[in-house]
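The same subunit A turns up in both complexes below, where it pairs with subunit B and then with subunit C.
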Partner chain A sequence: MIKVLNPGLATSVQDMGRHGYYHLGIPQSGGMDQLALQAANLLVGNPADAAVLEATFMGPELEFTADTVVAVTGAALTPKVDGDAQENWHSFPVKAGQVLSFDYLKGGARAYIAVAGGIDVPIVLGSRSTYALGALGGFKGRPIAVGDEIPVGKASGTAGRTLDASLRRAPASPAEIRVLPGIYWHWVTDESGARFYADTWKVAPEADRIGYRFRGGEPIQFTERERPFGAGSDPSNIVDGCYPYGSIQVPGGTEPIILHRDAVSGGGYFMLGTVISADMDLIGQMQPHTPTRFVKVTMDQALQARADRMALIGKIKDALG
Partner chain B sequence: MAEQIVSPLPGTFYRKPSPDEPNFKNEGDAVAVGDVIGLVEVMKTFNEVKADKAGTIGSFLADNEEPVMAGQPLVDLG
Partner chain C sequence: MESRYTFGGDEHVFCEVDTEMSLEAFFKSLSMTNAIRESQIRGVTEICPANASFQVRFDPDIIKPDDMLAEIRKLEVQAENADATMDTRIVEVPVLYNDPWTHETLMRFRERHQDPTGTDLDYSARINGYGTVDDFIAAHSGSPWFVSMVGFVAGLPFLYQTVERQKQIEVPKYLRPRTDTPKLTVGYGGCFSCIYSVRGAGGYQMFGVTPMPIFDPQQQINYLRDFMIFFKPGDLVKFTPIDRDTYDAAVEAVDANTFEPKIRDVRFSLDEFNADADACNAKLEGALK
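Let's turn to the complex of A and B:
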């Protein structure tokens, strides 16, 4: 069991997500950086898809009631055991009664804290992930809070393993996020479409698990066209449609929002395109004000990037399996 | 080196509780441990920045509405 002495900021239980309910309006949730989540689990000897704690920008303070093994991946939040600094991307032992705390964030945005045996909250609709907006899954459907006692599965774990730096992934600076233009791309003028890719955007402080908002680029200019019946008067409105994971909506044409793991599944905003699946992990590691460029790719390039990411995860499994 | 109060979070720093209220603290003010010296806005929430040491504020190192990083010094204690 883990006692929460300080929850940090929006720390929640996440696994690989809750799939198969998006069409009913229930998002997939799950870790925003799925590569880091799997690596953390493999480091401690868990199955790659076990539930972990996802800490955002700030680490929690946790007391362990039994001996275990812990690994922290993703953001550069240095873990400390009773004050002694430990390496990131490394599995280390924690004894009963010891306290895990964290130093200030030095890079990235989300750290994945895996504990041998996994976080053992009940499975809801096939997943242990927290969907806080819907009060579903995780620990009582919400981020962890002071005084919570979080159940952990039984396992001895493997301490002393490190994931080689070549097998980790983090955004470049400026971050480059690859985009496949979508079915509404023709709504945007050629000049404005070119500006979208040329501009350097910045992550807005509001960015969260639901969506990543960006500011700092030129507003989108729309082509003159007859409004479809039922779409509303704003040129960024559509007749309600489905929103894919990773789609980029631009309400009012001003601030692009990339829908992430806890996003709504449909609505009335046009989408410029979709961030390729291979780059969704990187978005989870972007702090507010991170300079960001969007890079246009073809479907073939997107599929190659997906294959490359899967190959990297395969290498992580081989290295730690 | 003078003691400093640092931001626990990345986000946008605010020196006042709302736009039409006075600053939490000004230069020359005394601070006690636990006093709020400002807010950092991130993920649609405003998080209080509390002094983790006592002293007198020498200077503010970040302006109102300035983007800040986690660990960035906000206040020099004189």
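Let's turn to the complex of A and C:
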């Protein structure tokens, strides 16, 4: 069991996600950076898809009631055991009664804290992931809080393993996020579309598990169209439809929002394209104010990037399996 | 009505059945998603029907995006020729219109509204040509609604009224979304009503609240024990105006876990509706009497 002495800023239980309920408004949830989540699990000897703690911007303070093995991946939040600094992307032992705490954030946005045996909260609709908006899954359907006692599965774990730096992935600076244009891209004028890719945007403070908002680029210019019945009065409105994961909506044409793991499943704003699946991990590691460029790709390039990411995860599994 | 297909990244096919809302577009979207589910195309992971569009998520490691798109397109002719008749259920949803909780909330966010001097009901009645709020409520509760989509957040139904186009209520969304909406608020935006399943952000005009929970992640409420979400696309809803005493009694019944929604099986035929909407609606509502 883990006792929460300090929860950090927004720390929740996450795994690979909950699939098959998006048509009823329940998003997939799960770790924002799925590569780092899987690496953390493999480092301590868990199955890659075990539940972990995802800590955002700031680490929690946790007391362990039994001997175990821990690994922290993703954001550069240096873990400390009773004050002794440990390496990131490395599995280390923690004894009963010891306290895991963290240094301040030096890079990235989300750290994945894997514990041997996995976080053992009940499975809800096929997953242990937290969907806070729906008070579903995770620890009592919410981020962890002071005084929580979080159950951990039984396993001895493997300490002393490190993931080679060449097998880690983090956003570049400026971040480059690859986009397949589509959905309602044809509503955007050619000139405005070119500006969307040319501008350098910045992650807004409103960036969370639901979506990442961006500021700093030119507002979208729309082509002349008749307003369809039922869509609403703004030129950015559609008849409410589904929102793909990773889709980029631009309410009012001003600030693009990329929907992420806790996405709202639908609504009335047009989308100009979708971030390719291979780059969703990177968004999870972007802090507010990160300069960002959107890079247009084709479906073939999207599929190649997807294959490259899968190959990288394959190498991680080989290295730690 | 010509469907337009496009990809949402490397994992989604997005299909806009029509740019504008209509019962025909909704029926086609639902027929398409049913046909996709039945055809069991390999690699499909999620099928999401919406008001006048739908989305299919797939695994491109199992099926190539172009092949996925071709498989879905094949089903379009079949969906177009599908019998526009639906065996479904009609559910009575009691509503306390003009309630104190949405009133407090709409006053708190007045500077985000088109008309800061009135209420959401005043504004919506006026721009839709109704003389009084009571007349407007009579229209909103006067004919049934189709659940045309479930989403935004867990279990939230979008509802489209079964009346002729010229009788459809249309209202804009708030100028800037609110950060708060009471749980179980009956809202309105574009041509859709909705019921907010949970408390949270929202941009729809607020008309009232229902005492009837529609989402229970704990699955404690008697009629949500089998599944935590009440509504699915294709359900019919009849809003029934209630007074404060009836509302309080219903809340007490919900708390005691003795509240049972009134539900009846019905058949809806799009041809019958198009031939005589009033007669079709009278038959549907008659099932609840």
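Simple rule for what comes next: the second predicted complex is superposed on the first by the 321 of 321 C-alpha atoms of A that agree within 3 Å, B and C clash if a C-alpha of one lies under 4 Å from a C-alpha of the other, contacts with A are read in each partner's own complex, and residues count from 1 in each chain.
Definition applied: a contact is a pair of C-beta atoms (placed from the backbone, for glycine too) under 8 Å apart; a residue touches a chain by one contact, two chains touch by 3 or more.
What you are looking at is a predicted structure, and each value in this text was computed from that prediction instead of being measured.
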Clash-or-fit label for the pair subunit B, subunit C on subunit A: fit
First (subunit B), second (subunit C), both or neither touched by A:Gln249: neither
Partner chain(s) touched by A:Ala135 [first = subunit B, second = subunit C, both, neither]: second
First, second, both or neither for A:Gly230, with subunit B first and subunit C second: second
Touched partner set for A:Thr11, first subunit B, second subunit C, both or neither: neither
Partner with the higher number of touched subunit A residues, subunit C or subunit B: C
Contacts of A:Gln34 with subunit B and subunit C, given as first, second, both or neither: neither
Partner chain(s) touched by A:Pro288 [first = subunit B, second = subunit C, both, neither]: first
First, second, both or neither for A:Gln86, with subunit B first and subunit C second: neither
Which of subunit B and subunit C A:Ser101 touches, first, second, both or neither: neither
After superposition on chain A, the shortest CA separation from subunit B to subunit C (Å): 10
Parts of subunit A lying in touch with subunit B, wherever the complex brings them together: 9-10, 56-58, 104-106, 109, 205-208, 287-289
Touch list for subunit B against partner subunit A, complex: 6, 8-12, 41-45, 47, 67, 69-71
Contact footprint of subunit C on subunit A as seen in their complex: 19-20, 22-26, 124, 131, 133-136, 141, 180, 182-183, 185, 228-234, 237, 239-242, 244-247, 264-268, 271, 273-277, 299, 302-303, 306, 310
Touching residues on subunit C, where the partner in the complex is subunit A: 6-12, 14, 16, 18-22, 45-55, 57, 60-61, 65, 149-156, 158, 160, 165, 168, 170, 172-173, 189-192, 197-198, 200, 215, 217, 228-229, 232-233
